[in-house]
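One chain, chain A, links the two complexes that follow: it is found with chain B in the first and with chain C in the second.
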Partner chain A sequence: MGTWVRSIAEILIGGIEAGSVYILIAAGLSLLYGVTKIFNYSYGSLLTLGGYFAWVLIFNFAGIHYGIGIVVVLPVMFFLGMGIEKLIVFPLRRKAEWELNVVIATLGLALIFNSLILVVFGPLTKTLPPLIEGNMKIGGCILSNYRWAVLGITIAVMIILWIFLTKTKLGMAMRAVAQDSVGGHIVGINTHRLFGYTFGISTVLAGLGGIFLGSTYFLSPEGGWLFFVKAFIIVALGGIGSLQGALIAAIILGVIESSVCFLIGAVWVTPAWFLVLIIILIIRPKGLFGIR
Partner chain B sequence: MVWRPLDKKNLVFIMGIGILLCILPTFVRSGFILHIFIMTFILSAVVAAWDLIVGYAGIFSFGQIAFFTIGAYGSAITSMQFGISPWIGIILGGISAAVVGLIIGIPCLKLKGLYVALVTFTLHLSLTAFIYLGKPIGTGGSHSLTGIPALQIGSYVFTIMNRVPIYYAALALSSVVIFVVYKIIHSSFGMAFTALRDAENFSKSIGINAYKYKIIVFGISSMLAGIMGGFYSHYVGLISHNLVGLDLIILLLVALIIGGLGRFPGSVVATYIIVFLNEYLRPLEEYRAIILGIIVIASIILLPGGIGDGIKILANKLTKKIGVKQEAQ
Partner chain C sequence: MLEIKNLSTYYDEFRAISDISLTVEDGEFIAIIGPNGHGKSTFLKTICGLLRPKTGSVLFAGKEVVGLPTYKIVEMGLVYVAEERHLFPEMTVLENLTLGAYNSCARKFQAENMEFVFNLFPRLRERKKQVVSTLSGGESRMVAIGRGLMSNAKAIAIDEPSFGLAPNLRIDVFNRIKEINKKGITIILVEQTVAEAMHLIDRFYLMEDGKIVFQGNEKEALSSEHVKQAFLGI
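Showing the complex of A and B:
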């Protein structure tokens, strides 16, 4: 009986830990779609790119602390995101059928990023060191401090994001544009600049997620795709454009992932995610908290 | 203006190209060139079926290569495990692709295009995991599947040793598939889609059921992709999960974009250009993908109509000239 309870505790804690990183990447994707109505197919590659940037800082400028690495990478990601909006998305938005065109263009961009990573870093996988060493023991379960730190940072980031969206002028403008892009434009919001910022913030969240995933798993040129798909499934379950939906869906799917991993094996994780997606679409295509 | 390849004038043009392709093996002896042509035949049919759903039916599907792969595995497995003829295997491969297409399509074709794009792309990316899991039914797991039987007619076996017969087989099959796509575009289906695209609410009000049409066309397109996949697996004799990597899908996406969405012969012609370009860029290794990526972005920004528009104008001019000459004689 005791081991049974412990297994459930392990599954739950493992799920929340896995989910905490997923929250970050899903929040970035959801925010971007909510405000700009764009689905960025290069998101997975940007995530990997963030991890590789951190890897460069930590291993090439030897001795840089992990935390400083993160602080340096995030502004880089922000401007990269804004650059993508300015150079690729903005020229496309002015024409008809831009939705599909942006999807295709960002897919092309993902290919370029993947190949650049392959050219510069080679096909071998890289691992980032954990943020904090050491383990903690709670009631017989061994938990790494690092994963708790990730959970803490995720919560902090989500609180900052929430304050930004509800209390600052820019954040409120973003929510206004998310509700009605044309209306926002009429009342004098510079939507073009706002889209740039949103792209930047979303890329920062991707980069942060990439750095954390780089320590938990490893970095490989095409590794970001899996997390892009996972982020999408989380967003689909939570409801596209809904941040709190993404938060809850990330935890749910994190727990599903760790139980599948625990009960039938890691190979089944991706098929399980896919199955969840199909079930969501059949039962509730709007997602848990989706308005439309 | 719809470009109708089977109009009298255009028929001359099409037949000219057809005859050129038919007599090509007498001039070209290089197995490598013939191989590229065979691959082009196979892939151009896949792209034509893809254009049918993206460009005409307005379904933003990224699952075409997944269906191609399902067809390849379906055909290979049925002919290897049950020892049935590869020709029937190809049809079974097409049917299995259509079944998966319907399973995916029925829940998600009702939803917005964004969902369709992502669900089909998720299918594409998770297919590798399914191939690993399918080891008990003979997918080969993480290894590539080898020893797929070659096609044969009577006692004649289409081996890679002599590529000329398989060249004609591929040309014939590809022509049939492209003709089917053409027929669908110019059937009541195609008209329904054009109506839905141009005046959605009006078309719905006079009773055009978009969902039904989309489901049927999606199933047909998946089946065509699956059939080409089956043919491919028996031609090459070796398939692996690398098919659902990013290489092939991006290559065909480039062809689709360059060809222009919903500009029927455009994507087929573009496939010829892109597949050959890809083969000749191969020595550049990783940089090849970067060049393809840049081509995608540049063409989507600068040339959203694709070369399809350009070809349409050019072909009309050419055939008009020929037509004028004939009239003069």
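Showing the complex of A and C:
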């Protein structure tokens, strides 16, 4: 009896830990698509880039503490995101068939980024060291401090994001444009500049998520695609347009990942996720909390 | 205040408005009436920057606004209140109104404009915290007009505010718009008919097939058979 309870507890905790790493990348994608209605196919590569940037800072500048490395990477990701919007998305938006063109362009960007990573860093996987060493023992379960740190940082980032979206003017403007973009024009919001900021924030979340994923799992040039797909499944399950939905979906899918790993095997995680998504979409086509 | 010359807007090959020229003085209340689908909304959307004309010029307070993005035109003081309203559905009345004051000039006057809006539409004050998607049609119209007022506009272009409302509510809407006009704000109203409010309006234009076919004041409008058809024949 005792081992069962412990197993379930381990699965749940493992699920929350897994989910918390996914929350960041899901939030970034949800925010971006919700506000701009643009599907950024380079999103997976951006999260990988974030991981590799951190790797470069920590291993090539030996004196740099992990935390400082992260803090340096984030603004770089922000401006990279804004740059993508300005140089690629904006010029395309004014022409016809922009939706298709943006998909193709961001896809191309993904290929470029991945190839760059391959050339500079080589094909072998790399790992980022965990943020904090050591484990804790609670009631017979062994939990790594590092995972708690990730969970803590993720919660802190989500709280900051929530405050930004609900209490600041720019944040309210983002939510407004997500709900009705013509309305956004009518009230005088500079939607172009807003899209730039949205891309920036989305890329920061991707980069931070990439760093955490890189230390939880590993970094590889093409690794971003799997996490991109996972982020997409989370956003779709939670409901497009709902940030809270994405958060809750991340935890649910994290627990599912943890259970599937435990019961069947890690390879079955992604198919299991798709299965859950399809079932939920049949019952609720808009996703769990979708508004569109 | 507004000088429009030779304005033409196309939807692909279709010419929605042809060669429109009209002038609106500071503080006037003008109405553009006419049957549906004949270019009235297109005209408003074009002067407010939501659509781009193929030819023509729009001078607002002496400055050319054709080609400017909508937010710049809002900053200059010309605001569009859409027929479809385009409110932010998941946000409250208060949040929608607050967002109306997004541009920096409007923020200084946010408190007093909000007070004016709530005095004009007392029902909105009661429903301040209510999410906009749960409001009735008439109430959401009020929010749309209120949101336009919050931008501290000097001129407001209102697109069919009374559409689908019961007759007594229609008169109500026109009266409230007149209140706004009395504050010194120029009003460009688009409607299918304004029979019950003719005495409130300074000048009328009749638009058919994307062209202006009549312009004049109330007396001239009532003495034209054509115009009377347009008002009462629909």
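The rule is simple: the second predicted complex is superposed on the first by the 292 of 292 C-alpha atoms of A that agree within 3 Å, B and C clash if a C-alpha of one lies under 4 Å from a C-alpha of the other, contacts with A are read in each partner's own complex, and residues count from 1 in each chain.
In the analysis below, a contact is a pair of C-beta atoms (placed from the backbone, for glycine too) under 8 Å apart; a residue touches a chain by one contact, two chains touch by 3 or more.
What you are looking at is a predicted structure, and each value in this text was computed from that prediction instead of being measured.
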Touched partner set for A:Val182, first chain B, second chain C, both or neither: second
Contacts of A:Asn114 with chain B and chain C, given as first, second, both or neither: first
If touched residues of chain A are counted for chain B and for chain C, the larger one: B
Chain B versus chain C as contact partner of A:Asn190, first or second or both or neither: second
Touching partner for A:Ala173 - first (chain B), second (chain C), both, neither: second
First, second, both or neither for A:Pro271, with chain B first and chain C second: first
Doubly contacted residues of chain A, that is, touched by chain B and again by chain C: none
Residue ranges of chain A in contact with chain C within the complex: 169, 172-173, 175-176, 179-180, 182-183, 185-192, 291
Sites on chain A touched by chain B in the complex: 39, 41, 88, 91-92, 95, 97, 99-101, 103-105, 107-112, 114-116, 118-119, 222, 225-226, 229, 232-233, 236, 240, 267-271, 273-274, 277-278, 281-282, 285
Of all residues in chain B, those that touch chain A in their complex: 54, 60, 103-104, 107-108, 110-111, 113-115, 117-119, 121-123, 125-126, 128-130, 132-133, 245-246, 250, 253, 257, 261, 286-287, 289-290, 292-297, 300-301, 304
Chain C residues within the chain A interface of the complex: 49-50, 69-71, 74-75, 79-82, 86-91, 95, 98-100, 102-103, 106, 147-148, 151
